[in-house]
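For clarity, chains are labelled A, B, C and D in written order, and residue numbers in each chain start from 1.
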Amino acid sequence: MRWLFFRRLPGGNMNVVIKSQPFDPYAALGRYQSSLRAGSYGAMVSFVGVMRDFNEDESVSAMTLEHYPGMTEKEIERVCQEALNRYQIDDFLVVHRVGDITPNEPIVLVAVWSAHRRAAFDGCREIINELKQRAPFWKREQCERGLCWVSDNTQDPILKKV
Amino acid sequence: MRWLFFRRLPGGNMNVVIKSQPFDPYAALGRYQSSLRAGSYGAMVSFVGVMRDFNEDESVSAMTLEHYPGMTEKEIERVCQEALNRYQIDDFLVVHRVGDITPNEPIVLVAVWSAHRRAAFDGCREIINELKQRAPFWKREQCERGLCWVSDNTQDPILKKV
Amino acid sequence: MQISVKYFASMREHMGCAEQKIEVSESLLTVEGLWHGYLSEGALPANTLVAVNMEYCDLSAVIKSGDEVAFFPPVTGG
Amino acid sequence: MQISVKYFASMREHMGCAEQKIEVSESLLTVEGLWHGYLSEGALPANTLVAVNMEYCDLSAVIKSGDEVAFFPPVTGG
């Protein structure tokens, strides 16, 4: 846990949350932001990933997200800590769904608060990119051929998937 | 209005809103998203600019935002239409405050919905960058020296301002 | 022809008014001609932006009857 | 020494179980040695990822008593 010596996570708040039930990302954003010190940040950038009803030209009706409890939280915290060390980020929030998900439900929320919008954009984008490459989640979709694991997204995650 | 022939603005919704009263950007995001067709988009990226209580090392206690009614909306719509023509954007929302603003109040919300997160990030960032360069708003701050117009931000908007 | 002229922010303070209606006799008047012929004896302040009918344009733009011409400093929104 | 082994997603289906406790006698055992010596007669499926105590590592990592070793396919979250 070497990163703890570099820069402390902002105190007191739950920055990384794994949810097995549907969540409202905008309500979560509002609640979390109201816990931050007023007037200290000037920019917030958020990303919300939502389950679509189409994927690779096949209609997808439902999805299950499996994860590795414990490592998921640790790896997302490592990802966020790396972004905190690289960019001028004041605070962040990551919420990720697991379990059965239906179309139009949010899968992930990543939000970054900063004094400057460049750091907020760069930090938010890096956290979601790294999370997709590293956090131990696996999607299994109910598609026309039956249940199938979503394959590797390391080649071009942005083109292949949300 | 040449741009109307390229790609229609998403139908029916008020995409560009100028507010003279404080607004809750997360409530606005939730309301607007509930009007979108479910399952069609996979990514949402939003930027919220908040009034800080510091600027250029001087304490700022209040601010007034003047604008050019009519042109403001038109110029923001042009900015958004250019982003729609350049990126694969499904929908967008821009809310901007005018009038008297106190620290910690939101000044601007830009949100972009897309099938893909790359387009959502690029589109949102371009809209806020262009809006800051082009939309006719002027900030006047109550600072220690008295009332002063915030100067030109064309040199390096990201470093100088939120 | 009649031209509506608007000033915003520090430009409004510089001119001492927010809006003017100007009666113009010339037919091929540019924004620059409007400024020097009808609005001010001084130079246009550095970095002033111009919009005609709510669209940015430069000083060589030609004005038609009924146009709304606006002068304002660099913008600082967002 | 005792090692806890976990399998996730398609790897769990490939192995037919989610978790195993393995009693190991060697003292300088790598992840690769664990796989071939105790877990499977087949090759490790291509692109399999490995974590020891919830941190990514490669097949040459040395395992200590009490470690949790996990095998899983490429991740697809977000």
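The criterion applied here is as follows: a contact is a pair of C-beta atoms (placed from the backbone, for glycine too) under 8 Å apart; a residue touches a chain by one contact, two chains touch by 3 or more.
As the structure is a prediction and not an experimental result, all values here were calculated from the model.
Counted as hops between touching chains, the shortest connection from chain A to chain C is 2. One inter-chain figure worth recording: chain B and chain D are separated by 49 Å, centre to centre, where each centre is the mean of the chain's CA atoms. Chain centres here are Cα means. That of chain C falls 73 Å from that of chain D.
Centre to centre, using the average C-alpha position, chain B and chain C are separated by 26 Å.
We define each chain's centre as the mean of its Cα atoms; on that basis chain A and chain B are separated by 24 Å. For chain A, residues that reach two or more other chains under the stated contact definition are 49, 128, 162. Across the assembly, chains come into contact as A-B, A-D, B-C. Listed in rising order, the residues of chain C touching chain B in the complex are 6, 8-10, 47, 51, 54-56, 70, 72-78. On the side of chain B, the complex with chain A involves touching residues 24, 26-27, 29-30, 33, 38-54, 103-104, 115-118, 120-121, 124-125, 128, 158-159, 162. Chain contact summary for the complex, chain B toward chain C: residues 49, 65-68, 70-71, 74-75, 96, 107-108, 128, 131-140, 149-154, 157, 161-162.
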